[in-house]
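Supplied in C-alpha cells, the structure appears directly below.
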Amino acid sequence: MIETLKANLLSPIPLAFALGIVTRLMRSEFSLPKDVYSALSIYLLFALGLKGGVELAHASFDSIVAPAGVTLLLGCITPLSTYAVMRYVGRFGTSDAAGMAAHYGSVSAVTFIAAQQFMQRVGAPAEGFMPTLLTLLESPGIHIALAIGAIQRNKQLLALGGDKNAHGSVREVLHEVLTGRTMVLLVGGLVVGYFMGESGWNAVSPFFESGFKGALMLFLLEMGIVAGDRLGDLKKVGPFLLAFGIVMPLLHGAIGVILGAWAGLSPGGAAVLGTMAASASYIAAPPAVRLTLPEANPTYSLTAALAITFPFNILAGIPIYYSIAQAIAT
Amino acid sequence: MLTHSFKLVTIIAEPVLEPRITTELRRLGATGFTVVEGRGQGSRALHAAEIPGINVRIETIVPPEVADRIVEYISKQYFADYEVIAYLSDVQVVRGEKYRRAP
Amino acid sequence: MIETLKANLLSPIPLAFALGIVTRLMRSEFSLPKDVYSALSIYLLFALGLKGGVELAHASFDSIVAPAGVTLLLGCITPLSTYAVMRYVGRFGTSDAAGMAAHYGSVSAVTFIAAQQFMQRVGAPAEGFMPTLLTLLESPGIHIALAIGAIQRNKQLLALGGDKNAHGSVREVLHEVLTGRTMVLLVGGLVVGYFMGESGWNAVSPFFESGFKGALMLFLLEMGIVAGDRLGDLKKVGPFLLAFGIVMPLLHGAIGVILGAWAGLSPGGAAVLGTMAASASYIAAPPAVRLTLPEANPTYSLTAALAITFPFNILAGIPIYYSIAQAIAT
Amino acid sequence: MLTHSFKLVTIIAEPVLEPRITTELRRLGATGFTVVEGRGQGSRALHAAEIPGINVRIETIVPPEVADRIVEYISKQYFADYEVIAYLSDVQVVRGEKYRRAP
Amino acid sequence: MLTHSFKLVTIIAEPVLEPRITTELRRLGATGFTVVEGRGQGSRALHAAEIPGINVRIETIVPPEVADRIVEYISKQYFADYEVIAYLSDVQVVRGEKYRRAP
Amino acid sequence: MIETLKANLLSPIPLAFALGIVTRLMRSEFSLPKDVYSALSIYLLFALGLKGGVELAHASFDSIVAPAGVTLLLGCITPLSTYAVMRYVGRFGTSDAAGMAAHYGSVSAVTFIAAQQFMQRVGAPAEGFMPTLLTLLESPGIHIALAIGAIQRNKQLLALGGDKNAHGSVREVLHEVLTGRTMVLLVGGLVVGYFMGESGWNAVSPFFESGFKGALMLFLLEMGIVAGDRLGDLKKVGPFLLAFGIVMPLLHGAIGVILGAWAGLSPGGAAVLGTMAASASYIAAPPAVRLTLPEANPTYSLTAALAITFPFNILAGIPIYYSIAQAIAT
C-alpha cells in the first residue's frame, strides 16, 4: 500500500493539487479566473456524463441494478452517520450537524473523477456506468440532511412560537440542487451520450477525451488553491473536526467499498464507489445548506469538506480504498 | 430639469440571496433593480460561496415609504444569519412615476 | 428524408442543443459563463476562417466566381423578401419590417457550421471555400435592411418636421458590423490561413481541428439555453411570426439551394448555401438594428431568429435543404 | 478636509448605448466617467443584447448645471426607445477643479 | 425604521492599488468595504494595467470623522502620481454600531 | 537571413500577431475577453513549465551550470545597460530610467515561447532546460532596477527631507513578482513536471502539448490587439524611444547569443537565450514599477516594451538572433 500511496503522490493530479496548496502557503495571490474555473468544471462534468452515457448503452440492466441499489443505500447511510457523529460525538447543534450531513451525504464529482483516473492508471478501470451511480448519489444525502435539519428546527421554533416559513423552503432549494450545474451536465451528458452512441462520441472525443486529463490537472491546481484558501480556518475548527475530516471518509469509504464489492463491482469499481461515499460535496451542498439552515456555520462544513477531506482523499484516500477493494477481492 | 426625490436602497449580500432578495423587492413595491457583482470584507467572512468574499450589490430606486419597508424586511430577515448590509441615500430622478408602483 | 431527419436528431449537435432547451424548460439557472461563450465562439469562428483560408489557396478563381455571385444575390433577395412579407403580409410597421429584414438578410455562423458538419457526416462535404461565401453574406443584408429602414423613417420624420440625425448614423453602425467579432475572425482567419498554408495549418490543427466538433457541441448546449430563454416570448409574438420563423427559412433555403446548384456547387455545397440563406443573424444584426432603428421591437426579431428559425434549422432545416439539393442533383 | 459639492449622475443603460453615451458625456461637459457592468430588471425587458438583462452603469461627477444638461439629453434622446434610467445625487469631492471643464 | 447618518466614501483607483488601499481603510477606522470592477476615463490614462482603463471602485461606509481621514490620506498618498478619485456622500444605515470601530 | 525573415513572417504566430495589430488599425473593438486571455496565458505558462520539468529530469547538472551562470549574468547586464542608456543617452530622469530598466532587465515569456517554436520549425530546437533559464531571468533584472530606482529616489527625498517610506516597499513588491502568475506556473510547472516524469507527461500531453501551438496563435492574436492599442502612444514617446525599442533588443540579443554560445548552448539554444535577453517584460515589470516608482511614466516603458520591442522581436528579432547564432557556430 505504501508503494501505491507513493506512486499516487507523484502522479499529475495530486502534484497539481499540492502545487495549488503550496501556492497559497507562499502567500501568492494567483488563482484561476472564476470563469476559467467554471469552464473547466463544465468541461469535465459534461465529458464525464457523455462518456458515461455512451458506455451506459452497452451495460446490461442486470449489472447495474445491484450497484445502483447500494449507491442509494449509501446515500441514506452517509448523511445519517454524519449527523449522528456530529451531534452525539462532537456535541454540535442540530443545524451544524445537519449542515455537515448534507456535505458528507452528497458527493464530490472531482474526487470521483480523480478516483476513476487512479483506477485507470493502476490498470483496474471501474465499470463504465459509474457516472450514472454518481448522479444517484448527488442529491439523496442533501435531501435527507436538510429534512432532518428542517424537522429539528421546526420543533425548536414551534416550541418558541416562531415562524416556520421564515427560511427557504426545502422544496425550492432541492429544485436548485437538482437543476444545478452538476446535475444538468451529468444527467444531461448521460442522456445525450446514450442517444448519440459510439459514432457521435467518436466525433467529439478528440475534444472531450484527449484533453480530459490535462484539463483535470489544471482544475486540481485551482482546487489546491481553493483548499489552501481555507487552510487558515483549520485553527478555527478545533481538533474534533480535524479528526472528523479524516475518520469520516475512511469509515464511509470502507462501507462503500464493501457494499460495492458485495454488489458485484470490480475492485476498481468498488474503490470508486467507496471514494464517492467517502467524499464530501463542496459545490451543491453549501448553497443548499446556506439557504435552508442559515444558522449552521459554513466555516465548519466547508473547512472539513474542502480543507481536510478533499485533500485527504486526493492524496491518500483513493489508494487506501483501492487497497481495501483489492484485499476484499483476494 | 424638474426632478423628483426618491430613495436609493443599496443592499450588499451573499450571492445565494440574490434571487430571493430581488423577488422580495418587487413584492415590497420596487419597480426595478440593478445588480452588480463585487467582493468585500466586513465583520465576518463566513459565506459558503465557491469563492469567499464575493458578493452582490443590489440597488433599487423607490419612494421613501417603500425604502423603509425594504430596509425593515432585510434587517428582520437576513441581518442575524447572513452577511448583508443595506443603506439608503437620496437621489433625484426625472420620471417619478417610473419608480412608484400603481397601488 | 425522414431517415436523414432522424439521424440528424440523434447526432451530437442537435442533441446538445435540445439539452440546452430542456435545461431551461426545467427552470434550471445553469448557463455557460459569458466569457466561456465568447471563448467558444472566437475559437469556432477563427478555426473556420483559418481552415477556409488554407483551402481557399487551393481553389481556382473560376470555381468561386459563380458561387460568390449567387451568394451576393442572396444577400439582396433575402432582406427584400423578408421586408415585403413582414410589411405587406404581416402588416408590421416599417421599422419592425426593416429590423427583421436585417436579421434574415444576414447569416448565422453557427447554423452554417452545423450545416458543414452535417454534410461531412452524411459524406457530402461542402466545397472548401464556403467560409469565404459566409463572409460575403454577412453584411449586405444588414446594409440593405438598414437603408430601407432609414429611408422610410426619414420620409416619416421629414413629414413630421423631425430631426433626421437623431439616431445612430447607418454608416457608423455598419462600420461596427464590418469590424465586429465575426468579420474580424472570419476574414482575418481566411487571410491568415491563406498565407500560412498547409505547413502552418499542420502546426495548429491539433488545436483548431481536433477540438472543433466537441467545442461546437458545448457551444450548442449554450445556444440551446439562450434559445430556451426566449421561448417564453413565443406567446408575445403571435401566430404570424411563429409561421414566419419556419416558412421564411424554408423559402430562402430552397432559393439558396437552387441558386447554389445552378452555380455549380456540389449537393453538400448547395445545401450549405441554402442553410446560410435560410439562417437569421442573432449576433451582428441585433445591435445594429437596436442602434439605427430603436423603434423596432427587438422581441419580434430575436424571438423569430433565435427561438424559432435557429432551432428549426438545427433540428430539421439542414436535412431538408440537403434533401432538396440531392433531389436537384439527381 | 475642504470639500466641494458636485452632482453624481448615474445612468443605467443597455450595453449598445455605452460608446454613444460616454462620448456624449464628454461633449456635455463631463471630465470623466466610470462604467461598471451589471444586470437588472425594470419596466420592460426588450433589449437585444446576446444576454438579456445585462446593462451598464455609468457614473460621472459633474457640476450641477452639467448634470442638468446630461439628464435632459439622456431623457430626450433615449427614454422613449431604450431601457435607460438616470438619477442624480449629491457628492463632495476634494479637487473641485478636476470635475469642471475649462469653459 | 430608525436610521443613522454615515458617510459613504467611494474611491476609484488603478487596480494595483487595491490591496494597499483596502488595508489602509481598515487602519484608518473602516469596518468593511466593497469592491467592484469597472473601467473609466478621466484626465489621464497612464496606468500600467494589462488592459488600460480598467479600475476598481471601492466603497466604504464610515463615520464622518473617519471619512475625512480617509479622503485626506488618499489625496496625500495617491493624487499626485496615480489615477485615483475619491468622493463622499451621505447615507443612512440601520445598525450604526456596525460601521463604527470600538476605539 | 532574408529568407528566414520571410519564412518567419508567413508562419502562424507572426501572422496572428499581425492580424491583431491590423484589427486595431481598422478601429475594430474586438478583443479577447480578459478571462480568456488569462486562461490562455495560464495554459501556455503551465504547459511550458511542465514540459521543461520533464526534460530537466534528463539534463545533467553539468550541462546546465554554465548556461545558468550566463543567464544570471544577463540578468545583471541588461537592467544596468538599459538604465545607463536611458539616463545618459536619452537624458531621462532616474525613475523613468529605472522603470525602463525593470522592463528590459526582465523577460517576456511569450517572446520566449515564440522563439522556441521558431527554433523547432527551422529544425534547431533549443535545449530542453531552457524554461529553467527563463525562470532565472524573470526577476533579477526587476530587483536590480527597482533597487537603483529606490536608492536614487531616496537620495533625492532625503535631500528634500521627505518621507522615505511613502511608497511600496521594494521587498513587498518583489514578493509579488516572485509569487505572481508567471513564476507560480513556470516554477511550479517545472517542479511538478520534474516529479511526474515521462509517464505523467504522457497522460496530460494531449492537452498540454497538442493544443500548444494553436493556443499560442490565439494568444498572439490578442497580443497583437494589445500592442495595437498602444500604437497611438508611439507619437507621444518621441524618436529616442522608437530607436531605443529596436536598438536595445538587438544589443541585448547579440550579447545573449554570444554568451549562450560561449556557455555551450546549441545554436537554437543560444538564439533563444538571446531572445530572452532582448525581450522586455510587460507582465511582471509594469505593476512592480507602478507601485515602487510611481513617478515613472508608464507610457514610456509600456510603449517601448509592448508596441516596439515585442513586435520587433516577433516579426524580425528572433530570426536575426538565430542568424547570429548560426554565424557564430560556423
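Which chain is which? They are A, B, C, D, E and F, in the order written, and residues in each are numbered from 1.
In this text, a residue touches a chain if its C-beta (ideal position, glycine included) is under 8 Å from a C-beta of that chain, and two chains touch if they have at least 3 such contacts.
Listed by chain with UniProt protein names: A, C, F = Permease; B, D, E = Nitrogen regulatory protein P-II.
All values derive from a computational prediction rather than experimental measurement.
Participant: Give me the set of chains touching chain B intersected with the set touching chain C.
Facilitator: In this structure, the chains that contact chain C and also chain B are A, D.
Participant: What is the touch distance from chain D to chain F, in steps?
Facilitator: The fewest steps needed to get from chain D to chain F is 2.
Participant: Could you tell me the distance, in whole angstrom, between the mean C-alpha positions of chain D and chain E?
Facilitator: 20
Participant: Calculate how many whole Å lie between the centre of chain A and the centre of chain B, each centre taken as the average of the chain's C-alpha atoms.
Facilitator: Taking the mean C-alpha position of each chain, the two centres sit 35 Å apart.
Participant: Between chain A and chain F, what's the gap in Å when you average each chain's C-alpha atoms?
Facilitator: Centres of chain A and chain F (C-alpha means) sit 42 Å apart.
Participant: In chain A, which residues are in touch with two or more of the other chains?
Facilitator: 33-35, 39, 210-211
Participant: I need the residues of chain D touching at least two other chains; which ones are they?
Facilitator: Answer for chain D, listing residues that touch two or more other chains: 36-37, 89-90.
Participant: Spell out all pairs of chains that touch, sorted by label.
Facilitator: Going through each pair of chains, those in contact are A-B, A-C, A-F, B-D, B-E, C-D, C-F, D-E, E-F.
Participant: Can you check the complex and tell me which residues of chain F touch chain E?
Facilitator: For this pair, the touching residues of chain F are 34, 37, 166, 168, 226, 229, 282-283, 286-287, 289-291, 294-295, 297-299, 301-302.
Participant: Note which residues of chain E are touching chain D in the complex, please.
Facilitator: Against chain D, the touching part of chain E is residues 10, 12, 36-43, 55, 57, 68, 71-72, 75, 79, 85-90.
Participant: Across the complex, what residues on chain A touch chain F?
Facilitator: The contact residues of chain A facing chain F are 10-12, 15-16, 19, 22-23, 26-30, 32-36, 39, 121, 210-215, 217-218, 221.
Participant: Quick check on the complex: what are the chain C residues that touch chain F?
Facilitator: Of all residues in chain C, those touching chain F are 33-35, 38-39, 42-43, 46, 175-176, 179-181, 184-185, 188, 191-192, 195-197, 200, 203-208, 210-211.
Participant: Mind listing the chain E positions that touch chain F in their complex?
Facilitator: 14, 16, 20, 46-52, 54, 77, 81-82
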